[in-house]
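Below you'll find the structure, written out as structure tokens, and then a few comments.
Chain naming follows the written order as A, B, C, D and E, and within any one chain the residues start at number 1.
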């Protein structure tokens, strides 16, 4: 694939998706691990969209979880309570509505930049958090349930059963793959050229006649609706949404994952999510004071890795630092 | 006489109490190199920045082909054909020289909102970019990252980027600053060529270059227009000598 | 609302605002002035409070606890800067986020390990335990007024030091261009260590003096963290005056919102921040 | 006369790229020295190596008889060296006045030959801009501020890297006057500038750097003697 | 086989704000199992502990881990109502039995009640409902109520309101404080200006400590009596100090409850863990007792869950709070006490309501 930019990325992506395709065969019946992988993959989609925003577009946000939560809530609120809806149709609705919300939010937050943008995104996310947490009709702090999972037929063909963990896993994997390809394509496109330019030097891009606001807005809407898609998948997996999906520490954790993976590399988002969640899982099972070791590990990683895991892989495979 | 392309009428730019541009009137003509000189802080860079839309004017009008364009947004000036280079090198350091020019050219050719077409597939853009690089003599450096080329070459790149936007007016802010003798000569001959086609506004403290290149010169002092005239008249004008040149030779 | 009630609420708002400033003051210094994004600021507030608890119970003297805890905080600050933060100055600001998130984990685990998870509290020191009668029903605790006074003192000292002294100028210059400050013959790394340690100290100071009037619970640090960021950002990065005024605005707004607009009171400070940033995208007093 | 600065065999690298290949020279007390060379030949790097900003891999820097090669930059500066870097090094969050106040200090002997007022006398333009932030100044004003700030540290050795870049002719002349003044007060000066004619006039000693090597060292007379070679090296 | 361990998943918060509660609950649970010699009907007991971090979003995943991966027979948890809802969702229709040792959300044994979900603690409604009538009987006609704006708090206020209004009182103002805000000054000033006969509040943990201290420091305590749901003074009186004296609350337990079972329990707990027991320990203990008695009744057979559930429904648990059994909706039918803090202890003033059963609104079991 010509969209892959260096050797380590190539190796990683091929390996990851190859293993990803076959792993359920080895986990035969162990629904927990299949579920766990689905969860991490969903998270990876979310982190990837954040990575695009922060690492490629230079728009740092601490409110990205707002769209993650919104994705879940939009679906849960829209879908009739006791009737299976079509997955693809609702995918479209969720992304459309969240995209529209992102457009409005973008019009507001993109007026600021840098740390101020971080804070205003945070503020809006907190506001939507409280909106759902204080609301009576949307379940308040306890959240909402999805009673019936959508069906996935296209033109009458039905080959995915979302109640089945393995099927759901493959849906997540496919989604991750599509997201990855999508981001890589837009990064290499003419649009991506402008995004690269305005990340590095917005003033100069303006002087060259670009209305950088438009480009940022598009990037923001794209990334946000993909975050919402991830939230939608999350809601489907366990049939449950909760305002805490929007809380700021979800955004912060996602940022940590993106950074661990290697900011702006897109595939680093996959590494970051798996490494973080993997560490979390193992350390948590070792000791009650897992936080201590998790913290120490994170610190050790920041100090030793300059460009995250992706950067580390890149040096391993003999690539130049970009 | 060639026709006036760009002009400023009663242009003012205030920074708080400071009048960086004070009721300035000035015309720039097509296919001429018009240089602007003046002491430090006279408002030359401010003038260029206002003319290219980077700073909104406090008051006054900018006319382009006789039409007022003062109300336009910053990024629209470039689309109208007003290109500018910066006093402090202002390029995309991590991109190659070619890519730098591509970014400039793409704005004109379009496809900016094409999310899916591979950027390198657009030959037209690449061609324009190459031509711009060739004009400033940077063809050999096309695939080198901009950080890795020397300071002088970065200045050349700066100009190539402006050319790639196909401007009608070129606003150049101290393109020779920090350049060695040889590089300066390259730029001077480049500008000589360019002024056959474009209207060029040049701000520069290198008097040798200015005297050699200018068709017209304007002297600014404290945000105000002091005089506009030909090189010879300016050189010998006692007012100018007092305010800017100093009356003896630089070697003392 | 009658006038006396209105005034008491105003006093509440101002007093809360001042406390917010005290908690945020270290952040203003480290984040606003030095440009280091220390997410573990809240954790230092927490550690300060717990240290105060520990030493008050141990020595039976709040004053002694105050001194010991403050010194420990300074040492912690020096250690963090010398061994961790120092490696990140040349790196992206976001790496500091990563590092300090790690620190939050460590501090939280330590707190839970050392002091357990039950809510703890200490008594207001004898000397300051009285109240002042305001209306026939409301009394105002002297200790809260004492805290307000302390906040004012910290605010004034910081404002003066940062804006009027050479030291303050050097610190600000260091945020702008570290290497250049060194070129002027200033030992910038020592300076940064000191300033960072003072930032940590101020966070702990806020924790220490709050200990008698708040409950000590795990995670208490994260709750204050966002409010602190709100204050610093509304005020405009790098501006002590801005942070001070922002803290008062937030304190007063929060106070009145909670009684007058309870429906939106949970969002009030965020709404306030969003509105202010829309009108002034650089905060109120960006230099 | 005593040497204030001796530089022996500096080898300096930026990452992989080897920039200085054994630069050596010395400067006598009170001497004014020019360093010449085309763009990218390593003039600035030489200065940075002397100051510890780009620490040399090998070689040594002896200042007033003391080996300072391993000292951190700020400690070298404390021994009364002042530096005006390329790019001026303005602080975006300090006003002009604060730039001067924060830098001002007595030299190691406790003398203060330069005062705030004296600097403003030399650069009256700055007087009008005292409350502006450093980065709001025009290019030339920034340059004046950078020099003024350096003078206020009351140095024995002043190092100027392209200090007249972007200055108007008249101001340029003033700067040269100031440097002459500084020179007369016994301060040693190292100047990197492209204005060869003035350097020839002003400096007792000239150093030509080509591709990280010292290709010529000598006084103004020997400069004239080697005119052709020099002009060729400088592409004049 | 019959000697395989009985798997008990423990899903409690061991970090974050609720960590203290999680710890007590676990201690109580283990104490009950230890009393059986760690062996029920010939089968050892294996605990699998998971930290919920009190994050609802993580609840389904962890539940799935216990239920699907570890095939736990019982899942004990959680403390936090939001987490409970996520857990119930994932345990619905599964082959494990969930025992809630704290989370009081009415819906858990109300609208969302499940055959395989039991609760050994209380419903929010139960802890506050009796106080309404008691307050009126104490002579308070106009009351201000206040709580954090979240499920537990709001449900408590509603239950109080229900019985207080029925008795003839009037709630003149309801104040909801954003969770987890603990800056109460402005609310207290407001209360002072309204000057009601009494104040009824719901706060718990750190918030409760802060509230009671602030209430006292503002000089309100002597003038406007403070009533509350029992959590106001549960496990917090030490931190509250003298400020907690005289505060009146209702709850299904009191540390100083004078019955032999409670004395024994507390003594054993103190020797085991070196600190006094609290309500959460009691609830965990009862969850343990529930498991022990049910599994004993089925002679160690845990594979037939329907039978196990049937046993559980009939059991009477000899709790330190006094004996209780389960309602149709699997919530305890239990006695609620009126308590008052004296010398830093919650002492029982009287029984507020004997064998109170939660109305279990919306439950179709």
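Here is the rule we use: a contact is a pair of C-beta atoms (placed from the backbone, for glycine too) under 8 Å apart; a residue touches a chain by one contact, two chains touch by 3 or more.
Going by UniProt, the chains are A, C = Branched-chain amino acid ABC transporter permease; B, D = ABC transporter ATP-binding protein.
Just so it is clear, the structure is predicted and the values come from calculations on it, not from any experiment.
Asker: Tell me, which chains sit next to both subunit B and subunit D?
Answerer: Looking at subunit D and subunit B together, no chain touches each of them.
Asker: Starting from the Cα centroid of subunit B, hunt down the chain whose centroid lies farthest away.
Answerer: Chain E.
Asker: Hey, which pair has more contacts between C-betas, C-D or A-E?
Answerer: A-E
Asker: Calculate how many whole Å lie between the centre of subunit B and the centre of subunit C, each centre taken as the average of the chain's C-alpha atoms.
Answerer: That gives a centre separation of 49 Å.
Asker: Quick one: report the Å distance separating subunit A from subunit C, using the average Cα coordinate of each chain.
Answerer: Once rounded, the distance between the two centres reads 33 Å.
Asker: Determine the centre-to-centre distance between subunit C and subunit E, using the mean Cα coordinates as centres, and give it in whole Å.
Answerer: 35
Asker: Suppose each chain is reduced to the average of its Cα coordinates; what separation in Å results between subunit D and subunit E?
Answerer: 75
Asker: Quick check: what residues of subunit A touch more than one other chain, meaning two or more?
Answerer: Answer for subunit A, listing residues that touch two or more other chains: 130, 133-134, 290-291.
Asker: In subunit D, which residues are in touch with two or more of the other chains?
Answerer: none
Asker: Multi-chain contacts only, two chains or more: what residues does subunit C have there?
Answerer: Expected reply: 108-109, 112, 266.
Asker: According to the definition already given, which pairs of chains are in contact?
Answerer: Applying the touch criterion to every chain pair yields A-B, A-C, A-E, B-D, C-D, C-E.
Asker: Which bits of subunit E are touching subunit A when the two form their complex?
Answerer: Counting only subunit E, the residues touching subunit A are 14-15, 49-51, 55-57, 59-61, 64-65, 68-70, 81-82, 85-86, 89-90, 105, 107, 149-151, 154, 178-179.
Asker: Per the contact definition, I'd like the list of subunit A residues that touch subunit E in the complex.
Answerer: 30-33, 35-36, 39, 130, 133-134, 140-143, 145, 234, 237-240, 242, 244-245, 250, 284, 288, 290-291
Asker: What part of subunit D is in contact with subunit B in the complex they form?
Answerer: 38-40, 86, 125, 128-129, 136-141, 143-144, 162, 165-173, 176, 194-195, 197-198, 201, 234-236
Asker: Which residues, counting only subunit B, touch subunit D once they are in their complex?
Answerer: So the residues of subunit B touching subunit D come out as 15, 18, 37-42, 45, 87-88, 150-152, 174, 177-183, 205, 207, 243-246, 250-252.
Asker: Any idea which subunit A residues touch subunit B in the complex?
Answerer: Listed in rising order, the residues are 185-186, 188-194, 196-197, 200-201, 203-212, 215, 218, 322.
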